[in-house]
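In the two assemblies presented below, chain A is common to both, partnered first by chain B and then by chain C.
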Partner chain A sequence: MIPAVAHIGDAAPRRRAGARSVARRTADAIAGAVGEVLENDRLASLPGLMQRLDPRMKAVSIVLLAVVTSFVHSIPMLLVLVVATMLLAAASHVSVGSFARKVWASAGFFGVLLSAPAATAWITPGPVVVALGPLSITAPGLLVAGRLILRVAAGAGFGLLVVWTTRWSDLLRALGAMGVPDLVVATLAMTQKQIMSLLRTVENMHLARESRMLSAGSARENRGWVVERMAFVARRSMKTADDVYDAMLARGFTGAMPSLVDLRASDRDWLWLAATVVACTFVLLIDRMVFPL
Partner chain B sequence: MYGSDMCALDRIDLTIEPGEHVAVVGANGSGKSTLLKMLDGLVFCSSGAIAAFGHTLTEDSLEEPALRREFRSRVGFVFQDADVQLFCNTVLDELAFGPLQLGMEPDEVRARVAEVAAALRIEKLLDRAPYTLSGGEKKRVAIASVLTMRPQVLLLDEPTNALDPRSQVWLLDVLREWKAAGRTVIIATHDLTAAAESCERMVVLSEEHRVVADGAPEDVLSQRALLLSVNLIHEHEHRHGGIGHTHDHAHGHTHG
Partner chain C sequence: MHIPDGYLGPQTYAVLDAAIIPLWAVAGAKVKKTLKAKQVPLLALGAAFSFVIMMFNVPVVGGSTGHAVGATLIAILLGPWAAAIAVSIALVIQALVFGDGGITAIGANCLNMAIIMPFVGFYIYRLVSGDSPSTIRRSVAAGIGSYVGIVVAAIAAGIEFGIQPLIAHTASGHALYAPYPLSVAVPTMALEHLAFFGPIEAVITMGIIAVLAKQDSRLLQMKPAAKPLRWLWAGFGVLVLLTPIGVLAPGTAWGEWGAEQLRTTLGYVPAGLEKLGGAWTSAMPGYAPAFIRDPLVGYLVAAVVGSALVVGIAWLLGRVLARKEEPPATPPSGTT
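On to the complex of A and B.
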């Protein structure tokens, strides 16, 4: 005889039409985040221009470009830098469309958010271009705002190029080679790995809940559940940290994280660095001489 | 003890000789993993003593660099959860971690990594990040990361857990090779098939955290009442057509 607890219910699960539960949205978001990390790894393994560079040289040259970007004033030269990020993306087998979308999603949002007040007559007086009631947008204000948005776009583009064309492990090695302490590099490495592991745990928890839910649940119930799970994940991450430390001790951990991989810069890497320095110099010279303030 | 009053292991008296293959079997929570951690000098007993290679293992004695180095180079521990054990950026770094910590020269470490990677058929994974591997691949890498240290004693916690059938067969073959090579192996498991196939001695832990049997696998597995009492097998009732019958059912993967 089948015990009562094993009987299959007659009622079909009912869900509000069109409603996506918090569990489903969270699980989808987590799956998206995990997928993005794996996609980054795939991009970083392609045989493109940026991927072939020594990660230290790449990091130094990109920092240099980002610093120069912050000194450039003219809109045409900032546009040149934005276009340069896209050309570099294309030369690195990165889809220019998705690169531009990613850059402009952040640059557009944060740039507009930061520069909007500067476009008004209150902050930047001048000839009014658009008047929206008490709010007046001035021509010099628009210039300031445009400059800020383009700077953010170029800077974000250079940063994204490093992240998308360098494997996380190489980036960490580059940090180590550039003098960042072993302990910091090891902590960063383990943090990323544990985040991936915990993301999968959280995704499974949400899916397990969804599989037993007949409705999306009230917002209050969902909030309570999310808080409980956060506490669970926090406890679990602390236990995992202890276990990982035990695993390190078991293999003789002495406090250092030496690696077999030797980073060696080739002639191509030095050439790239030299070309970057020359390009940065030209950009600054043209900005100052052709487009003086 | 766990905390102040929870006993993890009680009155354990165990001697393991070099070259022995020992399976520590018991139900979940019987203390198998704790016993392995004690044997690896990761947790310590609140009363009594553990000795290995002529040294008493204590927190203080393992703080001494020479003893720690000697002990860690001779004992390898494969954790139950491979995700815990794989903490480096790449599989290559993972395999090199132990030997580099022991102060070996990079060229020698490279040779060892290449040898072990070839033996475990994971050469193609060397450049990958551990979190991108499948469960079976992670287990192989976890085992490889210990083998590069060439330990004399291998401790394996639930080695067949989360392995597909092909990987389980592979692991049992590896254990047989280690036996032929004279390595000491101590496995904690509730998989009686794997324990019986890979070990010549079986130590049974009860749910009260005590050793209740210690002998050859065939002798231990023939004690039905004992196995029932320690929750390693249970009576299983089912029907074939119109005929119902009861037989024993082991944890793990056996029907016997």
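On to the complex of A and C.
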């Protein structure tokens, strides 16, 4: 007998050739996310400039660069910062092409999409550069949009440098060393492990559904299945929390968290931090004095 | 709703980053009191669940999909303070491991999605569900709570975007960060969440609560919430008292223009709008009863009447839903 789940009803939508089902798309997205984490780990173990830095110095310097980026207003200096992210990526043995693709495919693309209306006379009135009626592109509009896009790209670039050149465990050690409570650090560490475990579970359940289904199924049917699976993941999460806690107690957990801090900054790390501070000061000075608003 | 770096100016993100730290500290203290040593695995799994739920593609219509945030759901399962920490951790991991959401905007993102969304959603859930064991009433309450929670969080994000041109601009008035004024940013964020993301969040939350109520109702036991309704009513009263501030705002909200304003702006009024524009005359046009001259008093009266109507309808709805699923008066006979 054909199981009910595999039965193709007359009204059931057929799967178009080449079209991916919702289950397949979700499984692929999850596999992509897991693959991304593994790739981040590989990149973080390369012998590049950023990878060799003490994670605390790196975190402080990148936050400083992200903050300075938010203070810079001139297009030339924002371009300098975007180029700086790419130079740092290259110095860290990261492919500049993949780095730029990643930055522009996410933050850059949405930056362009969201800032496009701001370039028109509707949002930013001023001298018209391209006449398109009420949606004419204006000179100040282009400046507003360009500034936003470049700032978003620079900010995303600095963020990606941390993600691609730092192991998660090193980042946690850095957070611990910078005064973040051990409890928070331990929770972050456990969360990342559980995310990977739950993602694998969710990927498998989607692949299992994909392999059982002969038709794409209706949106309503798929929605029902997704809701039921989410409830399963919720129950599984709560059950796992109980199991993990029992395992912690069995191993003698008394409520105190072990400290992960054993970092030592070298002269090179201090030099890097000093260079970053000097570079940030220069960027801000040039932005304010050479390109005043 | 994840705000990347570059959209918010330092004046905004610095304030929000500073504001989120004491909120995390309070949440940590509350959670420590209620969850004790068990907090680490429970928060970790709550955060992991929060992250994973966002990975589920939910079929909507025409082959398109969306995803839920799940903050209200987590608040119902763990309590609002624990949800604030769990969702914050998920957001921090999204920013630091997956590059989703900005480093400088972590405070803003956590405020919107880890504080406003679960708290609004949870307290509305409590208000509508009461202490009723009814599955239907709880599911509907969870749906309403999650819907309002995500819409309010989106409006908060819209306000954060919308104030940028006001507080950071060039001498000629051009925006330095997010360029859209409040009249564009707030309706845009609100409308897309009212019409698209809100219903997805509501359907998913309702469905999961219904399934959990059937399969493992212990998970839905009311979590300690530190006299929630008292605070909710106090906050609600303050908001009602603050409503006359709306009169001070010049102009009309974006997209809510009347026929006369359209005639002034466009030079004509679309025929359909002119025909249907006066079809319905409301009891309090312009948010003020006709017999009150002072606009501030009128606005306040309208706020009180409107709020009383909304609360009354929600209360009645709750009563009706609870009655539908009352347990049988006597246990079935013949069982041992």
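In this section, the second predicted complex is superposed on the first by the 266 of 293 C-alpha atoms of A that agree within 3 Å, B and C clash if a C-alpha of one lies under 4 Å from a C-alpha of the other, contacts with A are read in each partner's own complex, and residues count from 1 in each chain.
The criterion applied here is as follows: a residue touches a chain if its C-beta (ideal position, glycine included) is under 8 Å from a C-beta of that chain, and two chains touch if they have at least 3 such contacts.
A quick note: this is a predicted structure, and the numbers were derived from the prediction, not measured.
Q: Contacts for A:Ala33 in the overlay, against chain B (first) and chain C (second): which applies, first, second, both or neither?
A: Once the two structures are laid over each other on A, A:Ala33 reaches chain C alone.
Q: Taking the superposition as given, does A:Met190 touch the first partner, chain B, the second, chain C, both, or neither?
A: Touch partners of A:Met190: chain B and chain C.
Q: Report for A:Ala116: first if it touches chain B alone, second if chain C alone, otherwise both or neither.
A: neither
Q: I'd like to know which partner A:Ala265 touches here: chain B for first, chain C for second, both or neither.
A: A:Ala265: touches no partner chain.
Q: Classify the contacts of A:Ala250 with the two partner chains as first (chain B alone), second (chain C alone), both, or neither.
A: first
Q: Regarding the shared-chain residue A:Leu198, is it in contact with chain B (first), chain C (second), both, or neither?
A: So A:Leu198 only meets chain C here.
Q: Give the label of whichever partner, chain B or chain C, reaches more residues of chain A.
A: The partner with more contacted residues on chain A is C.
Q: Which partner does A:Leu284 reach: the first (chain B), the second (chain C), both, or neither?
A: Touch partners of A:Leu284: none, neither chain B nor chain C.
Q: For A:Arg173 in the superposed arrangement: first (chain B), second (chain C), both or neither?
A: Touch partner of A:Arg173: chain B, not chain C.
Q: Identify the residues of chain A that lie in both the chain B contact region and the chain C contact region.
A: On chain A, the overlap between the chain B and chain C contacts is residues 168, 190, 193, 197, 240, 244, 248, 253, 257.
Q: Taking the touch rule as given, give the residues of chain C at its contact with chain A in the complex, in rising order.
A: Of all residues in chain C, those touching chain A are 4-10, 13, 28, 37-49, 51-53, 55-61, 63, 65, 73, 77, 85, 89-90, 92-93, 95-100, 102-104, 170-172, 174-180, 184, 203-204, 207-208, 211-212, 215-216, 219.
Q: In their shared complex, at which residues does chain B touch chain A?
A: 37, 40, 42, 68-69, 72-73, 76-77, 79, 81, 83-90, 92-93, 96-98, 100-102, 106, 109-110, 113, 129-132, 145-146, 149
Q: Quick one: which bits of chain A touch chain B in the complex? Just the residue numbers, please.
A: Touch list, chain A to chain B: 38, 41, 167-169, 172-173, 189-190, 193, 196-197, 240, 243-244, 246-254, 256-261.
Q: Where on chain A does chain C make contact in their complex?
A: Touch residues, chain A against chain C: 22, 25-26, 29-30, 33, 36-37, 40, 62-63, 66-67, 69-71, 73, 102, 106-107, 110-111, 115, 117-118, 123-124, 126, 140, 143-145, 147-148, 151-156, 158-160, 162-163, 168, 171, 181, 183-184, 186-188, 190-195, 197-199, 202, 219, 222-224, 226-231, 233-235, 237-238, 240-242, 244-245, 248, 253, 255, 257, 293.
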